[in-house]
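As written, the chains take the letters A, B, C, D, E, F and G, and residue 1 is the first residue of each chain.
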Amino acid sequence: MIIDILAAFFIAAGSFFMLVASLGVFRMPDLLTRMHATTKSGVLGAGLIMCGVMLFFVDSGVTLKALAVMAFTTLTSPIAAHAIGRAGYFIGVPLWDKTIKDELHGRYDEETHVLRSPEHLQDKQDKP
Amino acid sequence: MTTLMAILIGTFYAAAIYMMLRRSVVKLVIGLILLSNAANLLIFTVAGMDRGIPPLIPKGELLIEGPAADPLAQAVILTSIVIGFGVLAFAVVLIHRACEVVQTDDMNEMKGTD
Amino acid sequence: MKPRRFNMRSLILNTGSSLLLPLLVLFSLFLLLRGHDEPGGGFIGGLVAAAAVALKLFAEDYKAARDMLRVHPLQLVGIGLVLAAVASLPPLFVGESFFTAQWWSLDLPIFGELKLSTPLLFDIGVFLGVIGTVLTVVFTLAEAEHS
Amino acid sequence: MDLEVLVALPIIIPLLLGALSLTVLSNHSAQRWLGAIGTALLLICSVWLLLHTREVGIQVLEVGSWPAPFGIVLVSDMLGAIMVVLASITGFATALYSLKTVRKRFERFGYYPLLHLLLAGVNGAFLTGDIFNLYVWFEVLLVASFALLILGGERAQMEGAIKYVTLNLLSSALFLTAIGLTYGLVGTLNMADIAVKMASLEDQKMVTVIASLFLIAFAIKAAAFPLFFWLPASYHTPQVAVSAIFAGLLTKVGVYALYRVFTLIFTADTGFTHEILLWIAIFTMLTGVLGAAAQFEVRRILSFHIISQIGYMILGLALFTPLALIGGVFYIMHHIIVKANLFLVAGLMYRLGGSFELKKLGGLYRNHPGLAVLFLIPALSLAGVPPLSGFFAKFILIKAGVEAGAWWAVGIALLVGLLTLFSMIKIWNEAFWKASPEPNPAVPAPTRNALLYWTIGLLAAMTVCIGLFAQPIYQMAEMAAAQLLNPAGYIEAVLGGTTP
Amino acid sequence: MNPVLDYTLWLCFAVLSVAIFLALWRLFKGPTLPDRVVALELIASMTVGLIGLYAIRTGRDAFIDVAMVLALTAFLAAIGFARYLEKGSHRDDH
Amino acid sequence: MLIAVLSCFILACFAPWLHRLGGRHSGWLLALLPASLFAYFASMLPLVSQGHSLQFAYAWFPGMGIQLSFLVDGLSLLFALLITGIGFFILAYGGRYLEKHKDLGRFFVFLLGFMGSMLGVVLSDNLISLFVFWELTTVTSFMLIGFNHEQEDARKKAHQGLMITVMGGLALMTGFIMLGMAAGSYELSTILYSDGLTEHALYLPMLLLILLGAFTKSAQAPFHFWLPNAMAAPTPVSAYLHSATMVKAGVYLLARLNPGLGGTDTWLLMLTLFGALTMLTGIFLASRATGVKKVLAYSTVMALGTLTMLLGLGTETAALAAVTFLLAHALYKGALFMVAGILDHSAGVKDFTQAGGLRHSMPKTTVVAVLASLSLAGIIPLFGFVGKELLLEAVLSASNWHIGLTIATVIANILVVLVAAIVALKPWFGAVVDTPKKPHDPDIALLIGPAVLATLGLLFGLMPFIADKGLLAAAAGAVYGQPIELYLALWHGINLPLMLSLSSLLLGLLLFKVWGGWRQLTNFMHSAEKIGPEVVYERLMLGMTQFAAWQTNTLQNGYLRNYLITTLGTVIIVVGWALLRVNQLELNISFQDMRVHEVAIAVLLIFSALIAVLVRSFLAAVAMLGALGFGVALLYVFFSAIDVGITQVLVETITVLLLVLVLYRLPEFRSLSSTANRIRDAIIAGMTGLLMTILILVITGARQLEGISEYFLQNSGPLGHGRNVVNVILVDFRALDTLGEVFVLALVAIGVYAMIHLRTGALPVTNSDRRAAFNLRRSQKDKAKADAKAEAEASAAASKGEE
Amino acid sequence: MNVLLSNLVLALIWAALTDTMNAGGLVIGFFIGYLVLVLVFRQHPDVRQYRLRVPRMFSFVVFFTKELIMANLKVAYDVLTPIHLMKPGVIAMPLRAESDLEITMLANAISLTPGSLSLDVSSDRKVLYVHVMYLHNEEDVMNELKRMETKILRVMR
């Protein structure tokens, strides 16, 4: 009984974050900000729902599977986000006009595919 | 739900065929994908749709108690998905090659053989 | 705006994919072996395994993926086909109809009773065949990029 | 070992051969040996199966020992066994012909595995007793044909292949749809079981709806009017050996499927279905032959003739009398051999004359009288000149048409026979009789054509033999027709008299 | 089943359905390919969620298997698209 | 008997070798066969002339009632003797005539083949085996007409002759089939004496079809034109096939079938009408022609018409007249053709206007020619006279239209005399005309045939009883259907036929005097030829090929979407029609049983599908397909299909991967179709979709039976040793499906591998090159389009300005 | 790594011995195996490191989950409110992490936590470029990121 209600809470929370994620992707102004919404809320939403599943079934096999789902999303989602965000940035998907800073700008060489680090950090790091 | 599925499948068929009728071979591929999905869903729908009773025998038992969804239809659909996938993979590469050889994606320019 | 070019090589992606790769392969074997009792089976397992190699290809390059597989995917297809076809033959030697399932029980010290069967052999054939096919297509296309 | 396994051999042998060839892809001589010896073995087993079936009656193999309506059954009735033998003959001839004509690079890229698996698909389609399994075999042979079609990768092949692939996939989708609806209606996939259950339905017109979908799906495969477009668009583009096996077998699988379902399952509403078939047959004959009349390239002419010949075969089914079915089966037997042979001859004409274009060909009669004879035999047979195989095929069908009072069909069939001769003589006049347009043909005369001559000669000899010794062939066709007209026998053999 | 859970499930299904439509809108609208891919990834996540909910609704844990496969493989599409951008450089919004 | 017929074919197969063996005298060598066959048939004379008939039967194709059965009676024996007898001379003659021709070996093949076929035709008792031989004569004749195949004209004429005779042949076959149905047998010996054939419902169609076959073969008007054209063949062929034997196959058939099918008004009308028409047409054209072979060919047409007319009359006299005339004609026409060959061979003369006074240089030939021509003219005491008298007698005693027929016959006779005079006088007498070759009498091989035939014409004329007692009565009896009472005589006294004969002789000779004038007078025929049957034939053939080209261009027009539209249109019409026939069409529509998430996903899928169609970017469409795949997987999951759902997810993902792998090398989406096309396509697509929806709704409402799936649920655990029933079905219950599926995948792998690696032809090397090529092409096209548009606008603006 | 593997093997053996080859059995087996390893091979240098790593891992998971939730709430707020509060920007974060695995884990963790999304690592592996959503105060953000790095490095090293 209690467990069911707890499960209900988890799935409600999960669904809520899912909604947030999709609202984010719907509303946010540029690619990278949209990705903030999806990467985090997607993982969290799915994770919470899986917690609900764990609680509802109370079974070791199910728990293992639900944990696996959580682990898989946690592993894959940021990698996918990295791949797509990086690609999007490099091919020149425009950033939101209210973006205040871009330290990456101009540091990627299209010919050699070298991504330079900022000069001040280079110096600092090179000190032994 | 059958009614809605019927409408859905009809839409799939229509969309598939509309895409296949375009001049761009690239759209043809999309049409083929939709067509394959439509046919599979059709089998699924007419075989009868049951909610939440997968044809899995519980652990340690030999029989399913109570009703279960039609496993034969599922097996058939599975096979047909796989075949559809294979054929589609071939079609994709074919169209890629054709575009490469003919240097266009316009079907209207691929009528030298008739 | 003129599209810019960039390179897929990314440390994060490379490392991430090499973390995920064993996981995917393991998972595919898991799906293959449990298929007879739980959702899964040769086809599903094969697709996951193929996806794993494809990931390698996408995250690194064609050569890395090709090296990882060692054999040519078309050979994999051949082996898969032979296994699947051969799995249909054993019953003929015991006077049963073509494709009749044969089950052998093996008692192993640690794993306990291991059930070997022609359906399992068959499913492994399917598994290899699927991997081989998907990878043939993927590799062929990737190779074509270089030519 | 039980002889039951014979039914499976025509599928297992090419499957194993295909798998083995694939594993030794780079070993050319192994490929060739597997090709020639393997198809010979297949031929032997197929003939054995046919003789056995003729002797004992319908043979049923329950695959995996699962009883009939539940598992898949392989059924060898006379029609199926005859078709398997024909497929094996074509396969064997093609394999022999390929030994000398298929280039090494094609061998390395899977020519032989494709050939074997194509045969496996074709034989599977002929033998299966399960409607979905039929779909699977259709796909096997279809994909094999896709791959064979594009082997070489030339522009024409690509263009042709896109049409071939698209229209055939549409057909597959329709077939699958029809299977789905059938399953939805009767909940079973075994064809005998479907027949039983369909017959027990109250509203047979509902069954007809499904029948009409099957009809179209198979008519596309058979390249019948007005669904044949894929064939002329593609058949002349691949290797000649490939064209030959396509010409001999692929459309016939569609015809076979029509024969199967419209004699076993959909027999209640023949007034509708067979009437449609009749008109399809008439227009198929006519449009095909006219298409050929408009062509000036040997392979294209032959391709269009496939269509028109399909019309005759469908005519046999459409008339649906014992004699008509005999005629149809006889026609199929004659046609597969003749048509495959004509394409092989065309290949040799190309080797010796340097072109497929009638304008550029010439002088073959003067320079290669042997080839001339080997062309005339299948060509005249195709046109129905006695006493070759095609004459009796047409004769039986015309007689059936006259008996049935199908005057239009008879008239068109006769006219089409005449126009077929017209086309064949066109080839003869231009390629053989006409003097060679160039004093020295540019192609170096290839040596070592003996095997090709032997292959063609073998098939030509069969054509002559079917004509000169028509009686045994007729008897087999008669048995096949009798079985087709008695679906109860088939059902009894498959379901063992007990319906679930 | 607990009525609270029952109603929550109903609500969650509704919420996720709405959410999927929002993501679909982004998928349709773009404007660039990465935007669409992000939406696609999100739809995959929501599919995982929906399957979880459905498993609870039916009490059959076998459905989680689908979620498992989805969670492990769906990201491949994104990697694929990223590679497309590398090779093809169509940004898709012209 | 079978050996007798087949021996010709067997010898034909070995003829090229024998030819090489025999060298210069191979013709004589090969002629041994017809000689011995002649002897063989002659040995049957005593029996047959007593009115007996011999039958031989060999099993062939009993299933269809076809056997190799032979009937030797007067009629067939007459023909068999003619075939082998004249055949003997022709082989000898041909061997010499074509001595230097490089294809002489092949000539012997076809000639012997023809001989066998012709023997088969006249000896067959079984209608179908008769037809088989009939068609073989057509084919061998084709090969012989086109003997000089490197000349386009020869090929064309051969084609024409073949088409006409095969057309008739096909009609004949159908007629035979009907005849067989009506009589219950294909055996002539049964058919001819079975009752009620003429009252049978199929009588009229079968008669017309058989007549079509016979008329085309025997060159009856309006199909007569192929025969003169067949003169493209070497002269020995013309002499044999196109005068003495093959063209008479049609006449033979009519004669043969007369007892069974004759005697009706239709028969009488058709045969006499077409016969008379042919007779007049033939002789009229002959009288105008100047080419040696042309004149003879047209006069052959006349003879064939005459024979047909006689067979139509069906009286005793007519039957006797027919066989007599036939024999006479074979003798003199065979001789004349061979003489024509000699003219060509020894003097290079092909046209009567090229020759004159040859009697000095070719005395022997002149004698032969005159002798044969006199027989042609029907001058006493030659055998032609006997035939002509009987002809007139038969016509005069005809039951109907005898006045008209008599007038026609007399007119024909006048012109025959003219023609005979031309042949007998023009080249040989009068002033000497320079000929292309130096004229000389040929050697024995060429001369013996015509000489013997012409002499026989004289011999039979002087002693008609030789022919009569021996054979002709028996033959006429076979034609008439019962033993015949009449006998032949050279002199019947002075009667009406003789008077008519004499007057036509005089008029004919008169006409010969003014031959040039006659040709001038009949010049209108020249323009008439332009609308004649040959022109009709040519037009028909041309029209057929044009129609064929039009039809093929229309149907097989190269546009995939037209093919698809046709196919789908067929689906909509046929399946829709079948649906409309369903008695009570109940659509299983209900919106009751739905869950919110299901509806949401279904609606989402509908949207995705529509968006995938409408979206302007390929990538967007692919991404949309990905979403659609997840949605479909969800539907599978919602309705208990777990394995299917997993598979769907994986397949969708990998499909997307494949698409993106090839995508960047494919051009972007473009709008290529016009709005009208889009609307048309949308209608087709929509109708197909609607049809599918209706089908689903109908079928889901109609299921009443239990399916077989329960079996799998029950037995998967106990017998299949697996708990995942779907998997057990896949790997055990229906493993064969899965096996096929794996093979499909393997084939895809091979195909794809070969497609990419096995490249031929030069292709751009790098991807960027390829892309550049794409883009260039595209931009050029776009530019062209833009230019065209700009131009149109400019011109529109200009025209506006002018207003 | 070897130690982790040994621990896993021990867990498997435990599950097999006790015939509890399921999640519970494995978790218990893992825990018992950990104790055994830590107690028996105390002296082994790898084990010494490993001993600390497991508790740190747990603490990291807890920390991470908390961060994840916080991140989401923050984003949720911005998504749900009509006005965007964001001040996004791309910053370069100097890296202490050295190995591929460390950098990757860090980048992934950053992607999943508040308002940050890792874009790429510089080719000299000294800098991680991070897209930050709320760049109101760069110093704070940088500190936050570095705290994360520290936590991760403690688990990894």
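Everything below uses one rule, namely that a contact is a pair of C-beta atoms (placed from the backbone, for glycine too) under 8 Å apart; a residue touches a chain by one contact, two chains touch by 3 or more.
The model shown is predicted, which means the values in this text are computed figures rather than measured ones.
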* To do: Check every other chain and keep only those touching both chain F and chain G; list them.
  => C
* Asked: Pick the pair with more C-beta contacts: C-D or C-F?
  -> C-F
* In terms of CA centroid distance, which chain is the most far removed from chain C? -> F
* To do: Kindly work out which chain lies most centrally, taking the average of its C-alpha atoms as its position.
  => D
* Of all other chains, the one whose Cα centre sits farthest from chain B -> F
* **Whole-Å gap separating chain B and chain E, where each centre is the average of the chain's CA atoms** => 20
* Structure fact -> The distance between the C-alpha centres of chain B and chain D, rounded to whole Å, is 28
* Just give me the whole-number Å value for how far the CA centre of chain B lies from that of chain F. => 48
* Asked: So which stretches of chain D touch two or more other chains?
  -> 15, 18-19, 22, 63-64, 132, 136, 139, 143, 146-147, 150, 153-155, 162-163, 166, 170, 177, 181, 183-185, 187, 189, 229, 232-233
* **Junction residues of chain A, two or more chains touched** => 16, 23, 35, 43, 61, 72, 75-79, 81-83, 85-87, 90-92
* **Residue list for chain C, restricted to those that touch at least two other chains** => 1, 3-7, 10, 12-13, 16-17, 19-20, 23, 37-40, 43-44, 48, 51, 54, 58, 74, 77-78, 81, 85, 88, 99, 101, 130, 133-134, 137, 140-141, 145
* Structure fact -> So the complete set of touching chain pairs is A-C, A-E, A-G, B-C, B-D, B-E, B-F, C-D, C-E, C-F, C-G, D-F, E-F
* Parts of chain F lying in touch with chain B, wherever the complex brings them together -> 556-561, 564-565, 568, 588-591, 593-595, 598-599, 602, 605-606, 609-610, 612-613, 618, 621-622, 625, 628-629, 632, 635-636, 638-644, 647-648, 651, 654-655, 658-659, 662, 665-667, 669-670, 672-673, 681-682, 684-686, 688-694, 696-697, 699-700, 703, 707-709, 712-714, 716-718, 723-726, 729-730, 733-734, 737-738, 741, 744-745, 747-748, 751-752, 755-756, 761, 763, 770, 773-774, 777-778
* chain D - residues contacting chain C, complex -> 1-2, 4-5, 8, 12, 15-16, 18-20, 22-23, 25, 61-65
* To do: Over in the complex, which chain C residues touch chain F? Could you list them?
  => 35-44, 47-48, 50-51, 54, 58, 73-74, 77-78, 80-81, 84-85, 87-88, 99, 101, 103, 115, 117, 119-120, 122-123, 125-126, 129-130, 132-134, 136-138, 140-145
* For the chain C and chain E complex, residues of the former touching the latter -> 1, 3-8, 13, 17, 20, 23-24, 27, 31, 38-40, 44, 48, 51, 54-55, 58-59, 145
* To do: Report the residues of chain B in contact with chain E in the complex, numbered from low to high.
  => 51-54, 56
